[in-house]
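Each of the next two complexes has chain A plus one other chain: chain B in the first, chain C in the second.
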Partner chain A sequence: MDTASLLVFISLGVLTLVPALFVVNSRSIVHAGFWLLPCFLGVAGLYAALEAHFFFVTQLLIYAGAILVLVLFALMLTRNAMNPTESQSNRLKPVAALVCTAFAAGSTFILVKHPWAITTDTPKPAGVQTEALGNALIQNYAVPFEVASLLLLAALIGAIVLAKSDRGPVPEPAPLADLTSGTAGGE
Partner chain B sequence: MPVTAPSSSEYLPIIVFTLVGIGFVGATLLFSRLIQPHAPSKAKNSTYECGVAPTGNAWQQFNPHYYLFALLFVVFDVEAAFLYPWALAYRRVGMYAVGEMILFVVLLGAGLVYAWRRGALEWE
Partner chain C sequence: MTDYRPLAPYALLTILALAVALLGTVPAARRSGALGWITAIGAGLALFISSQSPEATPWLGMLRLDAFSKACNVIFLAALAIISIASTAEEHRTAFAGEFYALLTLSTVGLMLMGASGGLLTMYLGLELSTIALFALAGFSKREKRSAEAALKLLILGSVASAVVLYGASIVYGVLGTTQFFEMSAAMSHPHAAGASAALYFGITFIVAGLAFKVAAVPFHLWAPDVYEGAPSLVTAFLSTASKAGGFAALLRFLGSVQVPEDRTISTLLIVLSAISMIVGNLSALSQKNFKRMLGYSGVAQSGYILTALAAGSATSKTISSALMYLLLYAFTNVAAFLVAQAIHDATGSDQISALRGLHRRRPTLAFCAVVVMFSLGGIPPLAGFVGKLYLFTAAWDGGQRCLVLIGALTSVAALYYYLMVVRQIYLLDPEDDRKITVAPAIVMAISLCTAAILAIGIYPRPFVTMGEAAASAVQVTSVAHQREAAPVVAASDVSSPHLRP
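Right, the complex of A and B next:
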């Protein structure tokens, strides 16, 4: 890896990790939501640096575009979303730090020790890559492809059932707000 | 990791465009900060509300309907993303690929029909 590539990789890593840190540490949940944007952009940049062109565009379209909008709308439904006095951590913080450090150390160990198959091929142009992905989706992974559609359908129907469950004149937003913020976190 | 330098990839225009965009916004804000006269008053500092005095907190719960529309948007955005690799592979695979995509779109279309029938697309 030459110096320029390393510089690009490090700056994209910083662009991804620093906002991610703000996402978990922001006292206002809305600020946390907005910090997701540079984080998603950093991930998109990493895809671009790896010349995974289709994933770069998808990351921008789906995550930075659609998922972020969904998360922000979910946050706007929650009560007391702007409560900057509450701290984002509790007494389990040292335990969590220990577990995270252990996981990071383990992953790094595996990444460094594993004999990765390194190819010297230059990445294919965007069209060739995307066509290969399409072929794989249609021929080898046809069932997962259709199951993905079922999964999207389930999400759609679930959201409609949640949002339309009470047809009374005064809808009760509190339980819905908890549920919707839960689903958004799992996206 | 086969990371390529920005100079050797097609992403250079995007990088330049992003930097110019950020720079333009930053320079505009800085320039306006430098040349503006500084004379704040209570009326000037209040939230601009088309001339009407603002009432209440800007932070209020939104209609859950917004969430539904956002989720519909995500679902069909994902569908659109799947169409790109399919459209490229379709040239070689042919009718089999068309059948698969029809099944995919019909499944999601059923969701849209369900949303429509439940009145989820109507604003209350």
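Right, the complex of A and C next:
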């Protein structure tokens, strides 16, 4: 890897990881939501650096665009989703930090030592890559692709079950008050 | 041309899940308990189709529908059917009966995919599908805070475990350049491969650790007692049997078909997991007062027993067949145990072991079934638990894990103590309240089915051993034909990562 691409990689890494730290550490969940934006952009940049054009575009459009807006809307419509005065961690924080640092050091050591196979081929042009990806998704990778849709279905049903309150066997029409005070978790 | 017939059970269950979710909106269907019966019949039908369908490896080995996946399907579908029958008794309590069965069925589809996975990608998606459905199921009792706590714990820890599996899978893919199990073996045995490098073991360790979470092996067990206790007993019955069997199915598939050269690292890992699971699980169970919590710790210990066989080497067919047979009988035993917990909870409102006091006077049939279950868990002949444990420990002994077998035998004695304490409550103590308790007929039926299965496997285990042996030889197939067939997948996988090539 030459110096220029190393610099690009490091700066993109910083752009991804520093906002990610803010996401988990912000006391306000809305702030955390906003910090996701630079984080997603950093990941998009990493895809661009790998010349994975299709992933770059989808990351921008779907994550940084659609999903982030959806997350922020959901947060703003939900009251008291998180208490900004409560701490985000408990007394085990130093121990956890120590373990994580040791682990990061160990894994870096192992992964850096490995003789990774790196090709010097020039990547295929964007159109060819996307076409091959599309073919793979409906041919060899058809099962994982379809299972992903089942997974989303299960997540959807599960989210509805958890968010709605259970009124027993015969559901009555939901009173209006419930729509405004509906925090996640129902009752 | 791909032969799609072997996929019929998977398609049938998916349609079943959608159908019960839709039928759940019909008030009449909800009131009559019909949804549970539809699910149970659907599961039975899928089981029949699965046993009759031809073997295939569609999509160039992405899925492997063979004797092993069929044997796993028996475990998952039997658990689904029995739990659905028992759930009919509780259907009237919730407005989400349709969603309950839909999630249970979708989770089963995920588990079946884990058993049938031919590569890391299918395995991971199966794992996620089964776990995501279980997050919601664990939180199904809306009126109980413990249930919400169980759902949240499972969600957070389960997500971490999934991330760990993915991280490991990404490293293994980076080292070997493929996600398909057969090609992995080929890549590792390649003379120029950097096969047995530290990075590869590092990745495999991560995958094993993530799956160890799914089977609740120490030290990845901390969620189990809390979630088992908080989740509704019907869900716990599924979580502690089918879901655990799914984790083991994936482990057996992965370790059985990917033959790591000189796999001392992996077997050491499994030995440690097994030994501490047996010790910590059994010792923690000794002091429990809550029946479900005690069963949770006992489940941790049972995972340890199964891991003894895995530690003895995933290459021997005895290992795989004994583990599968144990998972099958454990499914019947533990489902019955949690259904007893559900019945007692319905009758007395308590989950404590003391709530079982004098059950032989209050409900003799239930007391008998509960005692059979406890003796089977404790491994007393002639019940299924004894045969299964004997087979497991023989496999481990033959594989050279004598020390583990000794630990297993010693901790089994300790385990017998807490199982017999339950029996003592049921038979030797007189009830404080002599009145008969009522148990829903559906639950009685489900428990009786399980008890019959425990007795049947214990007395005549031959067909189940045969099934396990067929499954074992299916896992170990590393035919040249298969590798030739699977070769084009390498070309396709280059797409997702143009810069990495082995």
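Note that in this section the second predicted complex is superposed on the first by the 144 of 187 C-alpha atoms of A that agree within 3 Å, B and C clash if a C-alpha of one lies under 4 Å from a C-alpha of the other, contacts with A are read in each partner's own complex, and residues count from 1 in each chain.
The definition used in the following text is that a residue touches a chain if its C-beta (ideal position, glycine included) is under 8 Å from a C-beta of that chain, and two chains touch if they have at least 3 such contacts.
Owing to the predicted nature of the structure, the values given are computational and were not obtained by experimental measurement.
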| query | Can A:T119 be said to touch chain B (first), chain C (second), both, or neither? | reply | both
| Should A:V18 be classified as contacting the first partner (chain B), the second (chain C), both, or neither? | neither
| Is A:L70 contacted by the first partner chain B, the second partner chain C, both or neither? | first
| task | Considering only touches as defined above, state whether A:L153 meets chain B (first), chain C (second), both or neither. | result | both
| query | First (chain B), second (chain C), both or neither: which does A:A52 touch? | reply | second
| query | So, does A:Y141 touch the first partner chain B, the second partner chain C, both, or neither? | reply | second
| Of the partners chain B and chain C, which touch A:L60 in the superposed model: first, second, both, neither? | neither
| request: May I ask you to decide whether A:S107 touches chain B, chain C, both, or neither, giving the answer as first, second, both or neither? | output: second
| query | Does chain B (first) or chain C (second) touch A:V8, or do both, or does neither? | reply | first
| Doubly contacted residues of chain A, that is, touched by chain B and again by chain C | 50-51, 119, 123, 133, 135, 139, 142, 148, 150, 153, 155, 157, 159-160, 162, 164, 171, 187
| note | In the complex, chain A touches chain C at residues 50-52, 107, 110-111, 113-119, 121, 123-124, 129, 132-133, 135-136, 139-144, 147-148, 150-151, 153-155, 157-162, 164-171, 185-187
| task | Could you please specify the touching residues of chain B with respect to chain A in the complex? | result | 1-7, 9, 11, 14, 59, 61-62, 64-68, 70-75, 77-82, 84-90, 92-93, 96-97, 100, 103-104, 107-108, 110-112, 114-115, 118-120
| What residues on chain C touch chain A, complex-wise? | 14, 21, 27, 30-31, 58-60, 62-63, 91-97, 99-100, 102-103, 106-107, 109-110, 113, 121-122, 125-126, 128-129, 132-133, 135-137, 139-140, 142-143, 148, 151, 171, 174-175, 177, 194, 197-199, 202, 488-489, 492-493, 495-496, 498-502
| Residue numbers on chain A that touch chain B, as the complex places them | 1-2, 4-6, 8-9, 48-51, 54, 58, 61-62, 65-67, 69-70, 73-74, 76-79, 81-82, 119, 123, 127, 130-131, 133-135, 137-139, 142, 145-146, 148-150, 152-153, 155-157, 159-160, 162-164, 171, 173, 176-177, 180, 187
